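Take a look at the structures below.
Paired with chain B in one complex and with chain C in the other, chain A is shared by the two complexes that follow.
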Partner chain A sequence: MKKSLFLVLVALFFIAGCSSSDDSNDTGGITDNFDRKALLTNIADNIVIPSYESFSTDISALKTATSTFITTTDAANLVVLRNAWIKAYTSWQSVSMFEIGKAEELSLRNFMNVYPVTVAEIETNITSGTYDFTSVTKQDEQGFGALDYLLNGLSGTDTGIVEFYTTNANAAGYKKYLSDLVNRMSDLTDQVLNDWKGSYRGTFISNSGSSATSSLDKLTNDFIFHYEKHLRAAKIGIPAGVFSGSPLDTTVEAFYKGDISKALFDANLNTLQDFFNGKHFGSTTTGESLKTYLDFLNTIKNGEDLSTLINNQFNTARTKASSLDDNFSSQVRTNNSLMTQTYDELQKNVVFLKVDMLSAMSIRVDFVDADGD
Partner chain B sequence: MTFKLNEYLKKTTEAAPLAVFRIFFGVMMLISIIRFWSYGWIDKLYIQPKFFFSYYGFEWIKPIGIYTYIIFAICGISTIFIALGFKYRIAIVTFFISFTYIELMDKTTYLNHYYFISLLSFVMIFLPANRYYALDAKLKRISYQLIPNWTIDVIKLLLGIVYFYAGLAKLNSDWLVKAMPLKIWLPSKYSVPLLGDLMQKEWMHYLFSYSGAIYDLTIPLLLLYRKTRPFAFILVVIFHVLTRVLFPIGMFPYIMIVSTLIFFDANLHHKILGFISKVFKINKRQFDTNTALQFFPKKNKVLLTSITIFFAIQLLLPFRYMLYPGELFWTEEGFRFSWRVMLMEKAGYANFKIVDSITKKRFYVDNDDFLTAFQQKQMASQPDFILQYAHYLKKHFESQGHQNIQVFVESYVALNGRLSTQYIDPTVDLGKQKESFKHKNWIIPFKDEIKGL
Partner chain C sequence: MKIKNLLKIVCISGAFILGSCSSDDDSTTEVAAPPTYVFERNNESSVSFGGQTTRIAMAEEIVSKLKDNTSTEAILDAMFAHVEGANDFLDASLNASDKSVRSKTAASRDYFSDNATDAAAIKDKFDSWIKSQVDDVFPSWTTDASAGVAGVLQEAGGGSKRYVNAKGLELNQAFAKSLIGALMTDQALNNYLGTLVLDEASNVANNDNGVVAEGKPYTTMEHKWDEAYGYLYGASQDKTDPNKTIGQDDSFLNKYIGRVEGDSDFAGIAKEIFDAFKLGRAAIVAKRYDVRDAQAAIIREKISQVIAIRAVYYLQQGKNALEASTVDYASAFHDLSEGFGFVYSLQFTRKPQGNVPYLTRTEVQGLIDQLMGGTNGFWDVTPATLQSISETIASKFSFTVAQAGS
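Let's look at the complex of A and B:
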């Protein structure tokens, strides 16, 4: 009796010891069990990788346009370069939420798209000609925001801007900074895409467990974090003065260009909703996603149709935003209440996503690793 | 009756179970402290946060910056003394104070398990746990192989209360009728070996719910009777190991498994002590004196009264929620310190709005500026946290020069699979509300009903 009791004890402790850190294993082919691997595969193969491929193409085009402009510096080539920048910037909106794997390691989002940028520092860099883009303190001196300043903010006219790269005393410095910025962005993008196309895809898909470090838990947290911080707050809330009491018209995305802030917002909003629905990049086909997972869980607990509520709220926010000016900077100066109304609609989905969805999926909010009851 | 009670109090029994309990308690606590420290939780939970959520009446207990490590160190060292039975009384008092201080520093980290440890260590202050197989006994050259029976029974009683009340708390319609929250938690454990696929089945959710409730309610009795005891202990092991596998509950399952050994006969404990003696080359025979530690009830009236009051409070405190209106799971008024374990999947979101009552100028607070993710999570679904944070925000923005500050909160809470609904009255200026033990009438009443205890 005593011996068998002891054996049972040892065996159970052993199971407990192993499974607490067990994360990678097959869930098997049981049909009534939601297939997380299929979900992760859909996300990797049909959403993340094609999005990065498309972004990478646009970054290459940006690089080409930059060297053309540097070789033949004139107003016409400036326009071409600017359009390439807009295209890449829009494309960026479809990858910015995937801060996982290499992107997380590199802190990609912070090196690609911090805004507003610090103009004085950028000018100092150009004058001195020495800067280390890998430094965390230099995040607001590079990326799309810095390009925005260099391509749109140096002067009120295109000829004025071109002069900085031709007749200016430090024209060579401006050219160098411009090309260094683009090279850095291209380099970062290559690293991330290559990692996804290399080993990371497999790592991502096989990490299909349910711990805080599993792919689904992490990416879901990334999704909500991006929605809350980078869409709701950065693109709308902060310029609308939601956190400061009065509008801050210089904090919008692409401030110097001005009239593309809404297009960038829309692109990002669509990406997030498409991600939720598992929609393939550049296609109308959908696959396994947070939505289908929620629907599966709902069949177990017979709760409210949460995925529909979330989609409806995405649509309401989009409709509300459609009445905004193309230029958010002028929107907050002329009629900020439309902007705060858009914020309010975005805010409602934070509750659905962060409270109801995470609760239904039993996914814990980031970095909360402490014992529970 | 009085006569019989006196008889009972004078009854003696083998001291070995209490000695083993003391040793295991010390070792388990030492491992817990080391584990907590090594995970970097001291820094993360008690040093990094800018703000700490105090218990009502204990606002003066705060982490003391980098010196917080010293409190943990003292607590950790005291566990070694406890295990050795060396300067036991000082050690256990030190442990009780330092451990309780740690728990009172921030209620964000409140766990019933920690509360249990505080209570247990308090009771242990009054027990003769160092009279047998202890360094104290060796040094004083007086070892009592027999000690008053009641000193072991109080530990059994405390354990029994924990289990039984945890069982009572499960007798509600969410747990028994809807199998909530297990219906949410278990499917997410799809990657657990062997059980992963079963976790998706509804009948498993009900099986776990019912067996969990029955286990909690019956295990104290099953452990008390000699005939059912081995079976009960197997249940204890299975139950706690399962909870360990399925949920992130740290050391607690092991602590409970080891604690329940106290229900066994002294034979087992002598064997355990014999084993320890062999390993550490201790002469166990020096302690086996067959002398009894006498207890004189009449001389120890204060002690007996205190212990009686202590247990009376333990029995009544979990029912204090009946004094409050509204649904307990929703308002959480009277929820803590009641052995309500794993009963709710509750999540919330709280968005604070600061308004100048005269100019009507307003802005929202970014909670990341003040609270850690863990604190935000706990704060968003508990009214006393929300109020305390609101007061802090008011003070903070006043010190920044803002005037006529009002603090409002837009908050939503989802409970046990129900869709989130608004939690706190968004029109109430929380800056004006006072904390007290009274009902907080600015909590929006629960829209549904949960029947039961």
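Let's look at the complex of A and C:
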């Protein structure tokens, strides 16, 4: 008798639990009074749009340098072009996490920055002269990684690289591929920036609810997804062999250039922390952000503000990474444990962000780990 | 829907507990399951399912070889229909074995002993997937696939390469996922857990009297039950306590029990299946065949659910991928190819009562026709069709498309 009473109580408890969780999923109602619209406005006007404007400027400069190199193909112009590529690549780190709106529709990040690229297929494209960059299957044959190969990987010396564009039997093919790559990147960038400056800014800000498809829920997921997959895993974890068991020194970002992988990592880490803090692009001013939202909710963990814990952890990871070699490829070959230690520090923030922060904000994780088969 | 189901479960479990309470008052002995799948006779383990472990290992090698484009049809056919001593596998112990995967494909007592026609047709289907992989897909290994053209598709982000036939189907996936139904599920649910096999000949009398199989530490009935168990847990790291690594031990039924267990809508299913196996085996030792058959019914229901949930899951993943603004065909077709195999496997599911699957072979063929029926197969299938197939499958079970789809 006692047993069945207990069962009934347990059943009631379960039913109560189920119905309340169903409600919060279905209605998508506002769960607190935080001004999400102010937050979205700050993100759009002071972070995303200025970041894309700056990136677009750097892509234009890359385009100009490409034209100059193609017209006057010499080692001096190769150096100019390479520097423009480095500047744009660094600038890319400040927009790559915003895979929302037009960028999401175009699948921008996968067309701009897949690495490692597949050299054999790039060479096949150059030989045949026919390729469709809009195909998803060609994502590892274009973008910053393909430029890395074309500007740094063709030969060990600048003179040797220039020869591919001058005396090589298919010099015209190399020039065409280079130019097509940059034009494609420029075109994609224009589409995304124009959309933000056109109708999307308004759409983004007015979608200020708290359903799974609201701007903040989506962008916060994009932020964490980028942190987990594209910063922690792609830039550090995969080269360090965290997922494969042994280091993979050819999988670092900008492998052929080599000595900028740390700078790209730092730029991206800073962007993500600045986004968390609502810091205006190119300024020290801050506005409404995930941090101010957490503080509004007064989220405490282990007796400390969660926002402080998150910022401290960003700083700890940065400090740990500061001892890494500029070239991550050589770092994993010489002392991989510094890489795995950096990974470990980055991983700690996954828990704060993905578990504690999302739970405080009642935001559901909208991505899962791939099936893996 | 969720609440209704839950109420149902609570009522049923309430009734079950009340039922067991009242049976306490009777003089019938209660069957207790041990904490792990350990059963002994004279201080020796009475559990044995080496043949199942062997066939799972053979199936792993076959599935892996299906992606080796230097392989030939003769090599693959010989692996599938292995004969003792033939040098078909990398693992020498498999070569020495007299077991074969093909002979146990669509070969259960309950479904196929009086249906040699379907059994042959199903074996032929597996043979035809091998042949087409070699004839149509291997020669196109470096061709870019498109509607009507076999070849390779690469997943987004420089991801995995998927090798598809002219209809977008990965034949290696069709083979592997269909085998989960035609071999593991069919043998476990429709052969070894059926009374035709468990109670065959003098099995009941021998089990009642503790008469073991000749030279063995187990009764034949015990062994048959263990052979069903082996199709789920035959490759487990700890075969006595397999849920510690459920989902990590093979590419077949074990793997997908693990996947379904990982979906919070179905968490607990792995334990329900394992508990039923333990209790059923203990019931055989206790000569309580009613309890044994009740556990077989639970296992049939749960394993059938696993197949159906994964079918719907992959169809929904494929649908989502096709609806994206930038379509990743490699990823979409990979999901649909896995879905294809799980849909095919539905014909081997088993309702807890009666000698019938949740979806008949004819119904499954109808779904496959919807899925692949367009001139160019997956290249033509619409999200609406995928939704409709998903709903048809879910309607035969106690879960929703939304629960299975995420």
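We adopt the following convention: the second predicted complex is superposed on the first by the 328 of 373 C-alpha atoms of A that agree within 3 Å, B and C clash if a C-alpha of one lies under 4 Å from a C-alpha of the other, contacts with A are read in each partner's own complex, and residues count from 1 in each chain.
Quick note on the criterion: a residue touches a chain if its C-beta (ideal position, glycine included) is under 8 Å from a C-beta of that chain, and two chains touch if they have at least 3 such contacts.
No experiment lies behind these values; they were computed from the predicted model shown.
A.B. asks: With both structures superposed, pick whichever of chain B and chain C touches the larger number of chain A residues.
C.D. replies: B
A.B. asks: Once the structures are superposed on A, label A:36 by its partner contacts, choosing first (chain B), second (chain C), both or neither.
C.D. replies: first
A.B. asks: In the superposed arrangement, which partner chain does A:105 touch: chain B (first), chain C (second), both, or neither?
C.D. replies: second
A.B. asks: Just chain B (first), just chain C (second), both, or neither: which does A:116 touch?
C.D. replies: After superposition on chain A, A:116 lies in contact with chain C alone.
A.B. asks: Regarding the shared-chain residue A:139, is it in contact with chain B (first), chain C (second), both, or neither?
C.D. replies: The answer is second: A:139 touches chain C but not chain B.
A.B. asks: Shared contact residues on chain A for chain B and chain C?
C.D. replies: 8, 15, 18-19, 22, 368, 373
A.B. asks: Quick check on the complex: what are the chain A residues that touch chain B?
C.D. replies: Those residues of chain A that touch chain B are 1, 5, 8-9, 12-13, 15-16, 18-20, 22-23, 25, 27-28, 30, 32-34, 36, 208-211, 214, 233, 237, 241-246, 297, 300-301, 303-304, 306, 309, 347, 350-352, 354-356, 358-363, 365-373.
A.B. asks: Show which residues of chain B lie in contact with chain A when the two form their complex.
C.D. replies: Touch list, chain B to chain A: 39, 41, 45, 109, 111-113, 180, 183-185, 187-193, 196-197, 200-202, 230, 233-234, 237-238, 241, 244-245, 247-253, 341-342, 345-349, 351, 361-366, 373-374, 376-377, 412-414, 417-420.
A.B. asks: Sort out for me which residues of chain A touch chain C in the complex.
C.D. replies: 3-4, 7-8, 10-11, 14-15, 18-19, 22, 104-107, 110, 114-118, 136-140, 368, 373
A.B. asks: State the interface residues of chain C toward chain A in the complex, per the touch definition above.
C.D. replies: For this pair, the touching residues of chain C are 2-3, 6-7, 10, 13-14, 17-18, 21, 144, 152-158, 251, 324-330, 406.
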